[in-house]
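Several structures are given next for inspection.
In the two complexes that follow, subunit A is the common piece, with subunit B as its partner first and subunit C second.
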Partner chain A sequence: MSRQQSINSSQTPTPTTAQSPLSRSLKATGEEVWKRTEKINAELFTLTYGAIVSQLCTDYGRDFVKINEQLYQMGYSIGVRLIEDFLARTALPRCQGMQETSEALSKCAFKVFLNITPRVTNWSSGKDAFSLIIDDNPLSDFVELPMDAMEQLWYSNVLCGVLKGALEMVQLDCDVFFVSDILRGDQQTELRVKLNKILKDEIPIGED
Partner chain B sequence: MAIETILIINKSGGLIYQRNFSESFASKLNSNDFLIIASTIHSVFAITSQITPKALQITQNNVDYVIPYIPMVGMESSNPQQTRNANVPVKLGSYKGPDFFKEPFISWNKSGLRQLSTDQFTMYIYQTMTGLKFVALSSNVLSTNAGTMNGSIDKTKAVNVASQVADNFLRKIYCLYGDYVMKDPFYSMEMPIKSELFDKAVKRMVNNLL
Partner chain C sequence: MTIYSFWIFDKHCNCIYDREWTLLANPKSGTTNSKQNDDISKLLYGIIFSLRSVTGKLSSTETGRTNEISSISTGRFRIHTYCTATGLWFVLLTDFKPFNYSKVLQHIYSDIFVKYITNNYLSPYDFAQSEGEKRGQGTRKITNRHFKNNLELFLEPMISS
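Entry: the complex of A and B
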């Protein structure tokens, strides 16, 4: 399931210093694999997701805390499966640290599935947490939140679940959460990824 | 390469998929035997990673784990008798044809068991980063005759090529797994695979390899 994008729209260039060979090849891999996947209609995807969130609001009686949690769980179930699809498609080697992980996420993973390239910023002092700034979130096209939702609902919380599930399957226990969201009136949509620990015991034998 | 059996083993060592593709020794084993075989493979895989020769461990950085891309392994070959013409792309699920991937890739399996050659069969193992193992049993026997100097170099090349073909093939099975098993909403993780679409796709690939 990948997002269709018109040829005219341009990608915002990531403000970086000189790109390392690894990041260049991640970008190339992302583009290549994106070209080789079957796409579905972007509006269908956006509207289906909107319908899901809307139905959850009805089902949980507008208890947005529960809705956020449910979106996160749905995302988690998607993430643990999506990682296999991603690894089969790209066969990327294991990332050597959070720096490489952030590059793989933004240049390859988001590109392959949503055709967006979030910017990586706000590194923590221990280099184990970073933020992804999403410039045009395909899930929230055409969306306006009502007043009560604006205070509590993280509309794209499914993305947090997907990242958590996928990273857990490659033995990275992370906390993923939204910091700000344009739909809530903030300046930008920011997703924070924080590494808790590397699950050393679960690393498959034979990888070293 | 004639594939007899394909096994998929989950990260805990349990067998989640097993299919025989020809009537031979494999069909004399019942499903219980295969469960035992799968757990044995899983354990032996772990043990072999411990007995990597010291020399190899020291020169770890110099070993090349890149597997070259071998075109059209397991894909439908251009057969003049087939009505499908070159302009119609082959349907590969969520992949745009003609093949699942086109680049060489690095093996995730650095010190585990990758190939087991016996005088009856050859077994190839492909392990993913998530701990899933794809095992292919082939009836092709890799020659073990001690030959001249040239003969043994050719034999090594043949062994390498066979291993690379198997890695390419098993990665494509992994692609099919990602498409037909992972995206099945009724499939529970780590449980036995019961998917007709997956069976059909795997059978098609194995037939193309003959």
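Entry: the complex of A and C
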């Protein structure tokens, strides 16, 4: 999933990244960046993730609470770096409000990295929490959970960690967790994002 | 176009990379991550920081958009800035001739910084490792060889052309 190298670093620079995302909709930005992204085999990705989860199951002796935690932690470490990659590709500015954040997530971020566009629903009354309904989760293709895992394991928990880490890097302190998962026999896969608070930018000592 | 120096600031108000060229004829001249530039980097940070808050206040509230600074010019030189949503600032000091360096800075971010620092899991993603290194008190710098070499290679043609 590495970025297409469109210009050689020793040459004079020419336009590479999307310009002025404000003038175009987030959807168009997402689609355009996706077109320019190098593609890899989705099955390879799905199977690699499956191998990681099954290895964790062995390592933690099927203690699914710990496995969830570990997947979340792995996701967090991915997210804090992935956000830079995302911003470098899309050149998006900070979002104004959660409404815009939800659109940037579903139409740009998920589109660029996984080529899916989750639906945004279930807004809380204060507009600070929303759900992403993931219909075609590429992480869980071909997966059927064994009986003991169905109760506790959030198979795609890595996604929660990624969102948490990435949002934190743009000063949005959020709680991200799964509410339901098709793998566990639910109707749909629902990921909940809840804003705790907007973090303040640091200022140099002596400025306040 | 001529470039004089290049700086990167992180979100903890620290300068994490600085490069200054002294002899225009020799692209290898000058200093990298020099202690002597500490004070200058703080002043430079202060200029941009203050102007950012001013422009933020002046921008119309209709669009609700922040009003980012792209360049600041003085009688002798220009300061070009590129700020990311994660709080990184890429700053380039050049001669005063108008030229749009935003593409240059964007390229440095997306094809050099992200490639050699962010995607390098052995390099820290956050250069402040404790509370005492935040708010402009940190001294850690980018020392990655690949990053440095590629940056030099990319900027070399612009030093005196």
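The rule we apply is simple: the second predicted complex is superposed on the first by the 177 of 208 C-alpha atoms of A that agree within 3 Å, B and C clash if a C-alpha of one lies under 4 Å from a C-alpha of the other, contacts with A are read in each partner's own complex, and residues count from 1 in each chain.
Criterion: a residue touches a chain if its C-beta (ideal position, glycine included) is under 8 Å from a C-beta of that chain, and two chains touch if they have at least 3 such contacts.
Quick caveat: nothing in here was measured; it's all calculated off a predicted structure.
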Exercise. Is A:170 touching the first partner subunit B, the second partner subunit C, both, or neither of them?
Worked result: both
For this session: Go through the superposed model and pick first if A:205 touches only subunit B, second if only subunit C, both, or neither.
Result: both
Exercise. Just subunit B (first), just subunit C (second), both, or neither: which does A:38 touch?
Worked result: first
For this session: Classify the contacts of A:188 with the two partner chains as first (subunit B alone), second (subunit C alone), both, or neither.
Result: neither
Exercise. Does subunit B (first) or subunit C (second) touch A:99, or do both, or does neither?
Worked result: neither
For this session: For A:83, select first, second, both or neither according to whether it touches subunit B, subunit C, the two together, or no partner.
Result: both
For this session: Using the superposition described at the top, list the residues of subunit A that contact subunit B and also contact subunit C.
Result: 80-81, 83-85, 87-89, 91, 93-94, 169-170, 202, 204-205, 207
Exercise. Given the complex with subunit C, which residues does subunit A contribute to the contact?
Worked result: 3, 5, 7, 9-10, 12-17, 22, 80-81, 83-85, 87-89, 91-94, 96, 169-171, 201-205, 207
For this session: Provide the residue numbers of subunit A that touch subunit B in the complex, in ascending order.
Result: 1, 29, 32, 35-38, 80-89, 91, 93-94, 169-170, 202, 204-208
Problem set entry | Sites on subunit B touched by subunit A in the complex | 11, 45-46, 48-49, 60, 93-96, 100-103, 105-106, 108-113, 127-132, 171, 174-175, 177-179, 182-183, 189
Problem set entry | Complex interface listing, subunit C residues touching subunit A | 11-13, 42, 45-46, 49, 64-66, 68, 84-88, 103-104, 106-107, 109-115, 118-119, 121, 125-126, 134-137, 150, 153-154, 157
